[in-house]
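The following blocks contain the structures, represented as structure tokens.
Across the two complexes that follow, chain A remains constant while its partner is chain B and subsequently chain C.
Then we have the complex of A and B:
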């Protein structure tokens, strides 16, 4: 076994520990609907979005919330596959997701590795969108769409903004630095509150 | 030049670009992870069409969902149409369809309308549910 394999294996173990710890401290009254830790294939992203769409429609959730949560799943999980660290191949990036509901909300928590050097940039971006009003978010989305260009990784720089736009609650996030590695765990919870019947 | 016809899937839209009729249609969901790969043939088709377009071109966009990666590619399509329109090669009309209760999709159309120098016609569809 070479060093790379060793490192990837230990990153999966770290992610697994975070996942199990997260499951033990979910929001009060939460029911977990779908969850997974490990690797994430594109087809799993699509299936999860479609399954949740069907489940929310069946529960007669208002269409705008179904659509918002669908977009949140797609953006958050595609973000992991595009920007996650810990493995070169998209299919191998260590991560987890938890989709849960409470009486009046649906939420998605995801986690992936980021590089220590990216902590400031990412936390500044999340803090920035969290402090914008809905109108400010729309303006920021518009400016990024009209001025930005696609990154080499295929990201449009709009993922986090879209999570904040589709959510009607601030993004809850944490970045945890780890010992003996340059990687950190970035976790983010995006919530859709069912505020209207 | 040939018609570009792509059948839609759960993550990519129906595409119907007809050079004889001067009609360009995209309908459905656009959530592919690699949107550049999906949209490249559409951009290529428009490039070829721009050389000998119909005097008027009707563009119909009816999207249910699109991801952020698609949003950039869709903007690139509109920019290409803008070039064709500004070069007086074809009078382009853009119809942006949205479901009556889908404010986000209406706003997405308004965003493109504000960027692109071709007026968009916003067309509200009755809720199918």
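Then we have the complex of A and C:
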């Protein structure tokens, strides 16, 4: 076994620890609907979004919330596969996701590795969208779209903005630095509150 | 110019580009992970497309979900259509949205502000 394999293996263990700790401190009254830690394939992203859409429709959730949550799943999980660190191969990137519901909300928590050097850039971006008014967010989205071009990784720079747009709460996020590695754990929770506009 | 038909998949829409009938359509959900790669075929097709001056082309967008990356790709297609129109092609674009679907309507409205070609927004009955 070479060093790279060893490191990737230990990153999966770290992610697993974060996942189990997250499950123990979910929002009060939460029911977990779908969750996973480890690797994430594209087909799993598609199926999760489609399964949640069917489940929410069956629960007679308003269409706009169903669509918002569909969008949140796609943007958040594609973000992990495109931008996550810890492995080159998209299918091997260590991560976790938890889809849960409370009486009046659905939320998605995801976690992936980022590089220590990217902490400032990412936290600035999330803080920026979190501090915008709904109108300001719409304008920022529109301006980013109008300059729109696809990065080499296939991202459009709209992922985090779209998460913020679809959520009717602020994005809750944390970045945890780790010992003996240049990677940090970035976790973000995006919520659709069914009682708010 | 050959007709191009892509069947709908779980994460990509049905696409019909029929130059002989003057009819193009994009129908379904669009959230492929690599949107740029998926829409490359469509962009290449339009790059080779030579509109006939005697034909009026109709383009229907009837999409129910569009990921942020797909929005960028469709924006590129609309910019291409705008160029073709400026060069003399007769093109009518219809952006369909279910009457209770604010998301898709708003995306259509954004496009009307971003591209220099008329896009008619049309509310359709919820199925």
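What we mean here is this: the second predicted complex is superposed on the first by the 194 of 197 C-alpha atoms of A that agree within 3 Å, B and C clash if a C-alpha of one lies under 4 Å from a C-alpha of the other, contacts with A are read in each partner's own complex, and residues count from 1 in each chain.
As a convention for this text, a contact is a pair of C-beta atoms (placed from the backbone, for glycine too) under 8 Å apart; a residue touches a chain by one contact, two chains touch by 3 or more.
Here the structure is a predicted model, which is why all the values come from computation and not from measurement.
Upon superposition of the two complexes on chain A, a steric clash is found between chain B and chain C.
In the superposition on chain A, contact of A:26 is made with neither chain B nor chain C. Within the superposed three-chain model, A:142 lies in touch with chain B and with chain C [touch as defined at top]. Touch criterion met: A:49 reaches chain B and chain C at once.
When the two structures are aligned on the shared chain, A:92 is found in touch with neither chain B nor chain C. The residues of chain A shared by its contacts with chain B and with chain C are 42, 45-46, 49-50, 63-64, 67-68, 70-71, 74-75, 78, 81-82, 90, 142, 145-146, 148-150, 154-156, 158-159, 161-162.
Contact residues of chain A toward chain C in the complex are 42, 45-46, 49-50, 63-64, 67-68, 70-71, 74-75, 78, 81-82, 90, 142, 145-146, 148-150, 154-156, 158-159, 161-162. Residues 10-11, 31, 33-37, 65, 67-69, 71-73, 75, 100-103, 110, 113-114 of chain C touch chain A in their complex.
Within the complex formed with chain B, the chain A residues making contact are 42, 45-46, 49-50, 63-64, 67-68, 70-71, 74-75, 78, 81-82, 90, 138, 141-142, 145-146, 148-150, 154-156, 158-159, 161-162, 166.
Touching chain A in their complex are the following residues of chain B: 10-11, 31, 33-36, 65, 67-69, 71-72, 75, 101-104, 107, 111, 114-115, 127, 129.
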